[in-house]
Amino acid sequence: MPTLRPPTFALPLTLAALMIGTSACGSRVGEETAASGESASCLDTSGDTVKIGLLNSMSGTMSISETTVRRSLELAVEEINAAGGVLDKQLEVVTEDGASEPTVFAERATKLIQSDCVAAVFGGWTSSSRKAMLPVFEDNDALLFYPVQYEGLEASDNIFYTGATTNQQIIPALDFLKDELGARSLFLVGSDYVFPRTANAIIKAYAEEHGIEIVGEDYEPLGSVEGIPTIVNRVQSSGADAVFNTLNGDSNVSFFTQYANVGLAADTMPVLSVSIAEEEVPGVGVEELAGQYTAWNYYQTVESAENEKFVAAFKAAYGDDAVTSDPMEAAYTSLYLWKGMVEAAESFAVGDVQDAADGVSFDAPEGSVTVNGDNHHIAKTALIGQINPAGLIDTVWSSGEPIEPDPCLEDYAWAESIEKDQTYC
Amino acid sequence: MLELSGVRIAYGRTEVVHGVDVRVPADGVAVVLGHNGAGKTTLLRAAVGLLRPRFGRVLLDGEDVTALRPYERVRRGLAYVPQGQQAFPQLTASENLQLVADGRKDGEARTDEALDLFPALRPLLGRRAGLLSGGQRQQLAIARALLTAPRMLILDEPTEGIQPSVVTEIQEAILSLTRRGGLSVLLVEQHVGFALTAASTYYVMESGRVSASGDGGPASSGAVRAAMAI
Amino acid sequence: MTANWGRRAGVLGAYALALALLFGAAPLLLTDFRLRLLAQFLCLAMVAVGIGLAWGSGGMLTLGQGLFFGLGAYIMAIHLQLADAGPGGRPAFMVTGSGVPWWWELFRSPVTAVLGIVAVPGLLALLLGLGVFRRRVKGAYFAILSQASAAAFALLLISQQNSIGGSNGLSSFRSFFGFTLADPVNRRMLYFIAAGVLVGMVATVHQLRRSRYGELLTAVRDGEERVRFLGYDPALIKVAAYALAAVFAAVGGALFVPIVGIISPNSVGVVPSIGFLIGVAVGGRATLLGPVLGSLAVSYAGSTLSENFESVWIYLQGLLFVLVVAFLPAGVGSMPGVLRRWGGRRDPAPVPAGPALVDDPGPASAVPAVHTGGA
Amino acid sequence: MDAVLGQLYAGISLGSVLLLIALGLVLTFGQMGVINMAHGEFLMAGAYTAFVVQQVFDSAGLSLLIALPLSFLVGGLLGVLLEVTLISRLYSRPLDTLLVTWGVSLVLQQLARDLFGAPAVEVRAPRWLQGNVEVFGTPFTTGRLFIVALAVTSVAVLSAVLRFTALGRRIRAVVQSRGLAETSGIDSRRTDRISFFIGSGLAGMAGVALTLIASTQPYMGQTYIVDAFLVVVAGGVGQVRGAVLAAFGLGVLQAVFAYSQSVSTAKVLLLLVVIAFLQLRPQGLFSVRTRSLV
Amino acid sequence: MRQDYLEIRGLRVAFDGFVAVDGVDMTVLQGDLRFLIGPNGAGKTTLVDAITGLTPATGSAKFDGVQLLGKKEHQIARAGVGRTFQTASVFEQLTVLQNLDIAAGATRRRLGLLRARRAVPPSVELAMETTGLTRLRDRLAGELAHGQKQWLEIGMLLVQNATVLLLDEPVAGMSADEREQTGELLRRVRRDHVVVVVEHDMEFLRAYADSVTVLAAGKKIAEGTYAQVQADPRVQEIYLGPGHTAEVS
């Protein structure tokens, strides 16, 4: 090709453009950001509706779990709207798909806040999706309600955590294993990601304090099953009193099948799982799971008027086969808690809602829950359950009363050795 | 038996056969002579269906087979022994034959018959074809072609590159086949003498065209040599 | 000569239009959110430019660009984390161990970070490429190997919870080389940088394509053996394009981090690596602008469609792959030509597939082993 | 309990799974050079076949026995459908088959999601495949023994078919020289189609086997596809014995890594070993001089 | 002027037990237009493959005192040995000019590659003239006629600065006119090149060969002028066929 030479001028042009770009730059670190305060919200409360955003993975690997959360969120919206809305405004839902990708969560969260101008966003499941959204909510000064138990050690002003933090799930579970089952040695099995790793760090600190021996620790890559026989071999030869299981998702199928097949059973070496809820039970296999333990704050079998209503409404909406589980209940609850906060603040503005949050409580299906204004978690009752042959979970132990959330484990002396996120703890 | 009419063949944009007519009469033997690169092999490949001519038709026993795939032509009685002693190298000699005999009621009988033609193959049946000598592979190739009970046999330089002792064997086998009747043969050959001994018709190709043609037999040797500029 | 002038004017015009759109219209017309999205797409388009070079011009189907994208992104993320943590500080996420790994310290300085973003993936590609191309591994083997390398990289990241955040990845960046990321003005600046870098990459590829090197690369794609007999070592020619594609991917990854705010193994494994290819295939792998435009279009379509119809996008993505690659291997731009051909006479090859009836391929190895579509 | 024996068994059982999945690819990739990324989804289809059969037949044992041949049929038919509609147009562009079939796999995954829902479904194992057999004090789980047996049987049957039957001869002939096969009266396209049917059918059957040890969900195929191709490539394309060796080699190696290092780094190490191996020996363990893709 | 020559001693190529070239000796001097003939399968192409590094071989093949066997293809090419292929293998997606320019460039400095071509190198200009392709310089090589492609390949060898030219059936498929032009072309280049032509075309051979080497079944069976070779009874028997012997003699 003869003498076309655009790049020779394109290059200087590009450089020039770059220089214009960088010279017109904004604030540097340390300077006060003029913009961040005012960019906060484009929320329009003039009409008789108010928008909220639901952001869950409707596609990709996480959609298995997150679609159920979406359903209970939608159920709560319907109920609230039917009962007159929030501050006399009907809720208008904007839904987005997080596609099981943290980057998509961040992108869609930005869209919900900046383009759709929602009053609050409800959703997220994996820690990575929450971590991806966190800066978005902080930078835009918006609100996220996150409905899943997680590894703790975080407390952003812009997130309300309505699932359990570690001292409402892991620590009660350990207490149960130690006191009720008399376990003196544990084997830790988990998927290889942040929640199991953090949970196990906490468990190890706890074990050291209480004279429990950790006889093994193994991680299976998320979504993989290839290492399961090795893990089960190790578990079997470890002679542990019990197994603490933080495996997530499909790895559980392989784990429990193999576990049962090599002859291990709940009465000889019980497994306590913190990521298996009612909706996962059929996929893993009721036969393999029956008799094993779980730790949550809610089960479908919880006996309360609120729960009866919740389960009935859910079944009415999604069929008799539909089951309810802890994250679904926490999501359902999160909407009511937001409603409570808004009504206490008599305002949809983020700052007002944050200020009014402390002490807001709700008679949730799991029992009464109360928002802690300092760390934005909620006080919840811990329940240890045992999986029954019908695939539901029966409560076998309860903390009796709601446990105050302590995401940074400040009240546990033995937890000092654990490294914590300096930003929040 | 076989008729190629107005056949033009191109590789990509380059036409290499420019309108060729070749006829093989029933029970006849036609030979195509010519230098390398003249388009002989290309023409044969079109005749068996490995190439599709750009224009022109291929008739087998009066039926237009231009659009048929090679195996369909084989089932209509066309057999082909390609250039270069080709066999399935990882299959044993016997598998090479059985492959074709499979599903034929007369498979066993025909295998025997073909092996009678090349008795040297019998002790080698268990050996992988890739390990046979060129001459043995060529015999195997002809035997394999005969198993399909052809009425029309196409041979592409059957004695090229084969040790002289075996050449004679193969030539004799071909001659015996042509004399048996019921089989028409199209032969590409560089050995003019042998070619003309076998042929009832000859064609000389040059640069993708037929430059001369006529009746076979040793008498036409002079004309052929002149046409081929030997 | 007039034809040349016409073409030259056309090219100039195209560049001018692109610059006007990128630097003028987009920042003026788009909201902050859309602009951020566009910036994100531009980063992905950088990967596509590289793939266009390696695959389109060079015939190397790289199914593992996530590896290089991830390397660039993680190096940038490590630098940003350290910068946020302040001198001697430790990033917030490292909750279950103590101390910062030594290799993090390499990227504490902005200079080494920027160098690392270019050098680490570049050198790795050089090593991998030389190993593979020297042994004349090509075609499907190369594709599968590169795919396996992306898979291994993603697994490695996931297994390193404490040093690089495991499956959570790295996120929550506050600043970018001293500029607060929360400030919309700085976000705009990021967009301009991404746009500028992308234009620079396109210009580089343009220059390469018309250079002697570009001709040589095409020659290697179409006849590697032949090039060898001309006295060149094709491995070197290929590895250069492969490494450059790796660097482009890495730079795209590095800019992706401050723009999107997170990098996690989800963005670097097998699936996203193949995802990078859709845009390139749709736009036309062997053209200059095809990969960029295709990538932008696919990103945009993915974002809008999945906003509205969740599962439809997956179907569409799958069908796009099928239809474009199977029926329009030269990209959507080739549609008119293909339609014309379909309208005309079609002559299917009589022997269905693959190898011809030649036992000794001999110089047939000089015939392209891989069909890469029209130029 | 003998830990070494236990680990060896773990390795062999993983090797069997890999082998079952890769065996089909040996045919399709080896014979036709088709890089079928949707192979994993045929596996998924096989697993869902088992699920559907179980809805009809109550007895888990009976339904497993019905599901095995049926899944072969389902996988095979899907394969033939793919071959006829798309792949047959792409034989001259092997790399493009990779991309096209990737697109197909996306569609099939989403289709499975829309048909069966995103959550994993339960496929119950029959009573006789639960529990274990003790050998030298080491429990050999019967479910995995069944998979080992199925893999060994499949290899044996496939090898026998390839070696001793007319179909096998045709398949091998087409692999070695397509043109020569055609002119020997073999319909090479039909042979391709049959190969594709068998190869894809094997994937479907592997899917049923997987339901015994892993979850049945729309994305299950993707988990294995890269590994399966590595097995085929490492074994030498088109080589059954190579695939057998590579699959068991990789399985045992994974078990060794998992035991000596940790499960989570085992996979990374394994992939790195394979990549390094293929750099040293790009033709794989075994190679024949055919027109392969190298 | 120093005379370059190609010297082959005891060259042997074996595949899987099959010996394709079996101990061939051959010396070709500059200025000697050498033809290599023999029936199909005689090992002609394999011999060329071995010299150019495509096939591993034992024995010796030296040019300019440099042992070629064991070197990689591109190193052999850089040592001054160039070849063409039976089926013209030019880069179809590139123009004539680009094809030649690439061939001329193996020894260019690396960084120079990154620039576009500003002017046509004189050697390329010359090669286009020599091969008569100047008019077609901007045509895609894929669009050329068969003969033109062959000339382009020869042109590529010329600009490649190869001193040894190994041509595999350069006139196959050419018309009489084209053959003649090719022959003249070869005559022109033989003066400063060592030229070996693998060819079947007897007429072409007779018209242009200075000397002929005959191979059969991997062995050299005769060597000499056309007349000498033609008169050799073994050549007549093996190459021209048994039926031929009587009439010619």
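For clarity, chains are labelled A, B, C, D and E in written order, and residue numbers in each chain start from 1.
Here is the rule we go by: a residue touches a chain if its C-beta (ideal position, glycine included) is under 8 Å from a C-beta of that chain, and two chains touch if they have at least 3 such contacts.
For clarity, every value in this text was computed on a predicted model and none was experimentally measured.
Novice: How short can a chain-to-chain path be from chain A to chain C, counted in steps between touching chains?
Specialist: 1
Novice: Please tell me whether A-D or C-D has the greater number of C-beta pairs in contact.
Specialist: More contacting C-beta pairs are found at C-D.
Novice: Of the other chains, whose C-alpha centre is the longest way from the centre of chain C?
Specialist: B
Novice: On a C-alpha centroid basis, what's the spacing between chain D and chain E, in Å?
Specialist: For chain D versus chain E, the centre distance works out to 48 Å.
Novice: Where the CA atoms of chain C average out and where those of chain E average out, how many Å apart are those spots?
Specialist: Roughly 42 Å, centre to centre.
Novice: On a C-alpha centroid basis, what's the spacing between chain B and chain C, in Å?
Specialist: The answer is 52 Å.
Novice: Using Cα averages as centroids, what's the distance between chain A and chain E in whole Å?
Specialist: Going by mean C-alpha positions, chain A sits 73 Å from chain E.
Novice: Multi-chain contacts in chain B: which residues touch at least two other chains?
Specialist: 49-50, 69-70, 82, 84, 86, in rising order.
Novice: Residues touching two or more other chains, restricted to chain A: which are they?
Specialist: 1, 59, 192, 219, 221
Novice: Would you pick out the residues of chain D that each touch at least 2 other chains?
Specialist: 110, 113, 177, 179-180, 182-183, 188-189, 264, 267
Novice: Which part of chain E faces chain C closely enough to touch in the complex?
Specialist: Listed in rising order, the residues are 45, 49, 52, 54, 72-74, 77-78, 82-83, 85-87, 89-94, 98-99, 101-103, 105-108, 112-117, 156, 160, 168.
Novice: Spell out the part of chain C that touches chain E in their complex, as residue ranges.
Specialist: Within the complex, chain C contacts chain E at residues 207-208, 210-213, 215-216, 218-219, 221-223, 225-234, 362-364, 366-367, 375.
Novice: Quick one: which bits of chain C touch chain D in the complex? Just the residue numbers, please.
Specialist: 61, 63, 131-132, 135-141, 143-145, 147-149, 151-152, 155-156, 158-159, 270-271, 274, 277, 281, 311, 314-315, 317-322, 325-326, 329, 351-359, 361, 369-372
Novice: For the complex, give me every residue of chain A touching chain D.
Specialist: Those residues of chain A that touch chain D are 59, 61, 63-64, 67, 192, 218-221, 223-231, 233, 236-237, 249-250, 252-254, 257-258, 260-263, 279-280, 282-287.
Novice: Okay, in this complex, where on chain D does chain C touch?
Specialist: 29, 32-33, 35, 86, 88-96, 98-100, 102-107, 109-110, 113-114, 177-180, 182-183, 188-189, 192, 222, 226, 229-230, 233, 264-265, 267-268, 271-272, 274-275, 278-279, 282, 291, 293-294
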